[in-house]
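Each chain carries a letter (A, B, C and D) given by its place in the written order, and its residues are counted from 1.
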Amino acid sequence: MSVNIGLIGLGMIGRDHLQRFKQVINNANVTAICDINSGVANALAQEYNVTPFYDAIEMINSELVDAVFICSIGPVHKEQILAAIKAGKPVFCEKPLTPTAIDAREIIEAEVSYGKRLLQLGFMRRFDPGYQALKQSIGTGELGEILLMHCAHRNPSVPESYTLEMAINDSATHEIDIIHYLLNENIVSVRVDKPRKKTSRALGHLQDPLIVIFETESGVRIDDELFVNCHYGYDIRCEVIGENAIASLTEQALTVTRSANGVGRHIAQSCMERFATAYDREVQNFVDRVKSGSGMTGPSSWDGYLVALVCDAGIASLNDGLKHDVTIPARPALYQPLSES
Amino acid sequence: MSVNIGLIGLGMIGRDHLQRFKQVINNANVTAICDINSGVANALAQEYNVTPFYDAIEMINSELVDAVFICSIGPVHKEQILAAIKAGKPVFCEKPLTPTAIDAREIIEAEVSYGKRLLQLGFMRRFDPGYQALKQSIGTGELGEILLMHCAHRNPSVPESYTLEMAINDSATHEIDIIHYLLNENIVSVRVDKPRKKTSRALGHLQDPLIVIFETESGVRIDDELFVNCHYGYDIRCEVIGENAIASLTEQALTVTRSANGVGRHIAQSCMERFATAYDREVQNFVDRVKSGSGMTGPSSWDGYLVALVCDAGIASLNDGLKHDVTIPARPALYQPLSES
Amino acid sequence: MSVNIGLIGLGMIGRDHLQRFKQVINNANVTAICDINSGVANALAQEYNVTPFYDAIEMINSELVDAVFICSIGPVHKEQILAAIKAGKPVFCEKPLTPTAIDAREIIEAEVSYGKRLLQLGFMRRFDPGYQALKQSIGTGELGEILLMHCAHRNPSVPESYTLEMAINDSATHEIDIIHYLLNENIVSVRVDKPRKKTSRALGHLQDPLIVIFETESGVRIDDELFVNCHYGYDIRCEVIGENAIASLTEQALTVTRSANGVGRHIAQSCMERFATAYDREVQNFVDRVKSGSGMTGPSSWDGYLVALVCDAGIASLNDGLKHDVTIPARPALYQPLSES
Amino acid sequence: MSVNIGLIGLGMIGRDHLQRFKQVINNANVTAICDINSGVANALAQEYNVTPFYDAIEMINSELVDAVFICSIGPVHKEQILAAIKAGKPVFCEKPLTPTAIDAREIIEAEVSYGKRLLQLGFMRRFDPGYQALKQSIGTGELGEILLMHCAHRNPSVPESYTLEMAINDSATHEIDIIHYLLNENIVSVRVDKPRKKTSRALGHLQDPLIVIFETESGVRIDDELFVNCHYGYDIRCEVIGENAIASLTEQALTVTRSANGVGRHIAQSCMERFATAYDREVQNFVDRVKSGSGMTGPSSWDGYLVALVCDAGIASLNDGLKHDVTIPARPALYQPLSES
């Protein structure tokens, strides 16, 4: 039996997932799509032979839909998620969970009341084979006690709509979750360093690059270079320094070329290229969990809430340059120490 | 609508595909399985909730089955493939197509008579992202005219049942097809060099390593090191030397470690590990083509026949040490210059 | 005509240089050696067939000596250097120039009064082919404007005598000079971050690892991981992030091995191994400059003074955790904008 | 005491060594130079302040000269070497020892009669840190018994004067000696494969690339790709396949760059760049042995004779395409099983 998916939000990422369900995903069919722009909804409904909706809540409650897939903008996530929980339907939500930690808290409470994890959050990096191999190296103990991490998050460029705060809320957000995933402990402080020098490739309102420094409960120090106009590629680096050994992500290049340019390996040019496998696997995981009926195991509402708390502190530090502590509330029993993927 | 698959042969590779259909493959369900060992067939039929058969021809003709998936031993492939063609049902067949080129010829004739490509052969390497990237480099012309290739096919070890001829028929067979795939031209001669020195890790009846030298129609020279007791890993190398540049496969390692052993990257330990993605993608491709109804596009009967012709020459060279030419018959119109994957 | 060298201080580094003069260095002979321990001086004088001295000033003024090579401990450097300058003899001095910036200042004044550069300081990294290639990449402009640097200075282990301050004065000192060398501008602030977590491999009085953050005049931000009990090797990393491209040091491994440990490359195990070529080249450069008679061009007294100023600020930050500014006095005309090597 | 060197032949390599003696080499001075072109000899004699000669034999016998350095063309090597041996003066000779094995034989006999090794041959690769590390890996036994080697000798391009035979006598000659050096055993057969396809970058009289296949006494099989118009760089590859592990040369790149071209490493563009260190070290080794007075230890006349024998067989195979055996005469006691470097 296939899972019937209702997908909300037909922007770039929504259409990408629509295509993914058609071509890659097993045991699921998109049966309904929803967008406030009825023209877009109708056109894609015809192309994909599915039922169009223009009101998300109506679609969430429709009998056509077993599970909800949210690709709408952040500010409407809360209402849609709460409706899905009320309907007892599993829900996948693209990040962020909500724009602020306070809104996320309401979702936590609704899910706890429901008594079962219904939500998987779109932190696709947890499904990347590279990060999973890093986590395994840490887990086996071959690195010894972890002391430091060096991360870099480099984009070739960003659109004009990209704001300074998005360096935290949209870019660093991925490292914030993956630090938690890899180390299995919370971040307790954040400090944003603004180097005096910025790239001339960045728009005037941006400060690029930035360095964000995190500290975890046990004292691991992580620095994260955010460089969103690096020009040369979409380049994600992660180096985990342990007492005994150090493990890092590679570029995972498929081929190597010897030419007049020297010995060369390809670097990914976009998020979609770099994390293609991870996107496929996170969505299949969601479908598999829905089919199993036994509750979600991927990135949770709690994970999204924790990230929102760290981002709030990061934005504060972006403004005043100081180190900000993050206070972590008690974790409800519903959320395992770390959600497994 | 899902494709109903009938799978023949429940040995190691058959069970592996059975699991793959359940967990990974989209738009297909195994509905029937067949093995001459009724105990095995019954047990797996119960586990997977499918119908057991003990006679392949009966299953091929059953209404339960839209498409046939052959994982039986080589000598029975011809009969099963011919039955599928007679029934007009698409058929995936694990390599080899048939043990000899003469048998393969009968399949070609049957498929040509039927008038449409019904068969996809299990040359999974064509679906490996690494080989596809190599093919793309060749195709763009960035390497210039291709002159040479250096290949290596290294296994950690082989079972006692592995014979000297299997170095050609089971190991080199993959390079034979991939040379054709990458260069888009036929191999016209083969010579097997038996170095005087062999590894003490090989069983007494083997000559290991071997070097096989191929030549293509246009004169590209390829050497292939077959080293099936190399001990350290399952290591597939391919370097394509062009007038302008050289491209090679990498090990595609996900992480790199700095430890008391130096800077280290993982090497795959088995065929299943190295080509995991390729196996998944070849089977999904088969299912997608069946669903589309418009004929197969993956490795064809003709590709299998060509490989069988080269293997025949390789076995002859293994016996007398001389260079043997391969005579390529005229290609029926049904088979495109090169099947696309 | 060979240069006659008088070498002071017969500890580990002194003996290493003695051997180097004998085996590697062109156009120079050690003719006199000096150590306060007369037994050591006599024994080595006999072995190398040179004249022993027990008083450094006496040896510096001896007619046997054209140029002075100081390998004694830091606190006596000033007296010996001033004596060499007074005698008008070229002098090579192992780092540090002096233990404090104030003492260094006296040397600057003496050399300026003399009117010609007589001193080369032992910052051997400037003679490393890797750092020179990095400097060349920066110089050609292919990286674009430099924005950030990430450095790491990792030792397998340190002796019990290693103090917390030595992480700045002995380890970071090399990055401090090399930042100046690579970027051709001064460091203007230092902050030492002490991560809460330290390696259990470090002795109790150490805080290991440390992160030091430098800022240059133009605003380049550099972080330097000092990890002196990293266990796995002597591993020096340097990554220079520009607007257009990023360049990093490699491990410069000579061979790569495929074995049951995977694909592996060697990492140097000591400073002497990693910088073997650099040590040879810095000493030959000194001799060549002495022979040429036209003044020193390698790392200068001024470079040593600048490093001492930054180290003073670093020690202050190590104590209070705050960012400390470095005030750079006016550069005497004697010292070029950047000494060339 | 410095060694007084008389250098014969002031072409490109002769001038390069002249410069090397001036700038790099320890304990030696060029005191005399000789060229049949008196204008060239006079001009360089003035520039380097040395005595010019126009007759090699006269210079060899001059009191100005302690040791002879031969950079003249191959056909005159025999006469000059024999003169040096007669004069009892150590002699360095650029490869080839002589154009044919028969001529080399005369030198062997003269040196054996003299009773002491006086000659070092210019096989500089033995002094390359990369090949030395490979030899060490083989020597420690970590690779296990050696079974195969894959070599490649790639030049960006060759001058019009380069003949087909030079692929053997000038290019493969280096691999022939290094195989002997690495494996410590003789080559006993050679076969040259001429691929049908050649690069359009090669001049019409050349067959480029070629593949040469060697076999050693114990049965190690080596293939050597000679590609002298590869266009992209001077790229020397060597992979040694053992029962337990495989070791290969790296490109020894100093830095790695991340740019719009991907992740890139430099490849050497010429022999002089790739083997800069090796050239310096071979000449210093010669000088050190002359000073020690105890006979040469680098590549010997015997090594040159062995290479000449293999080249003779290679030229024969180049003409008829067949495998040619190499008969190795008994080694005189003067020549150690393998000359050490």
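Everything below uses one rule, namely that a residue touches a chain if its C-beta (ideal position, glycine included) is under 8 Å from a C-beta of that chain, and two chains touch if they have at least 3 such contacts.
These figures come from a predicted structure and were not determined experimentally.
Interface comparison, B-D versus A-D: the pair with the greater number of contacting C-beta pairs is B-D. Ranked by separation of Cα centres from subunit A, the top chain is D.
Chain centres here are Cα means. That of subunit A falls 38 Å from that of subunit B.
Taking the mean of the C-alpha atoms as each chain's centre, subunit B and subunit D sit 45 Å apart. For this pair, subunit A with subunit D, the centres built from the Cα atoms lie 58 Å apart. Residues of subunit B found to touch two or more other chains are 231-232, 244-246, 253, 258-260, 265-266. Chain contacts here are complete: no pair of chains fails to touch.
Against subunit D, the residues of subunit C that register as touching in their complex are 24-27, 129-130, 133-134, 137, 142, 244-250, 252-260, 265-266. Per the touch definition, subunit A reaches subunit D in the complex via residues 231-233, 235, 251, 253, 258-267. Residue ranges on subunit A touching subunit C, taken from their complex, read 145, 147-148, 150, 193, 195-201, 209, 211, 213, 215, 218-221, 223, 225, 227, 230-232, 241, 243-246.
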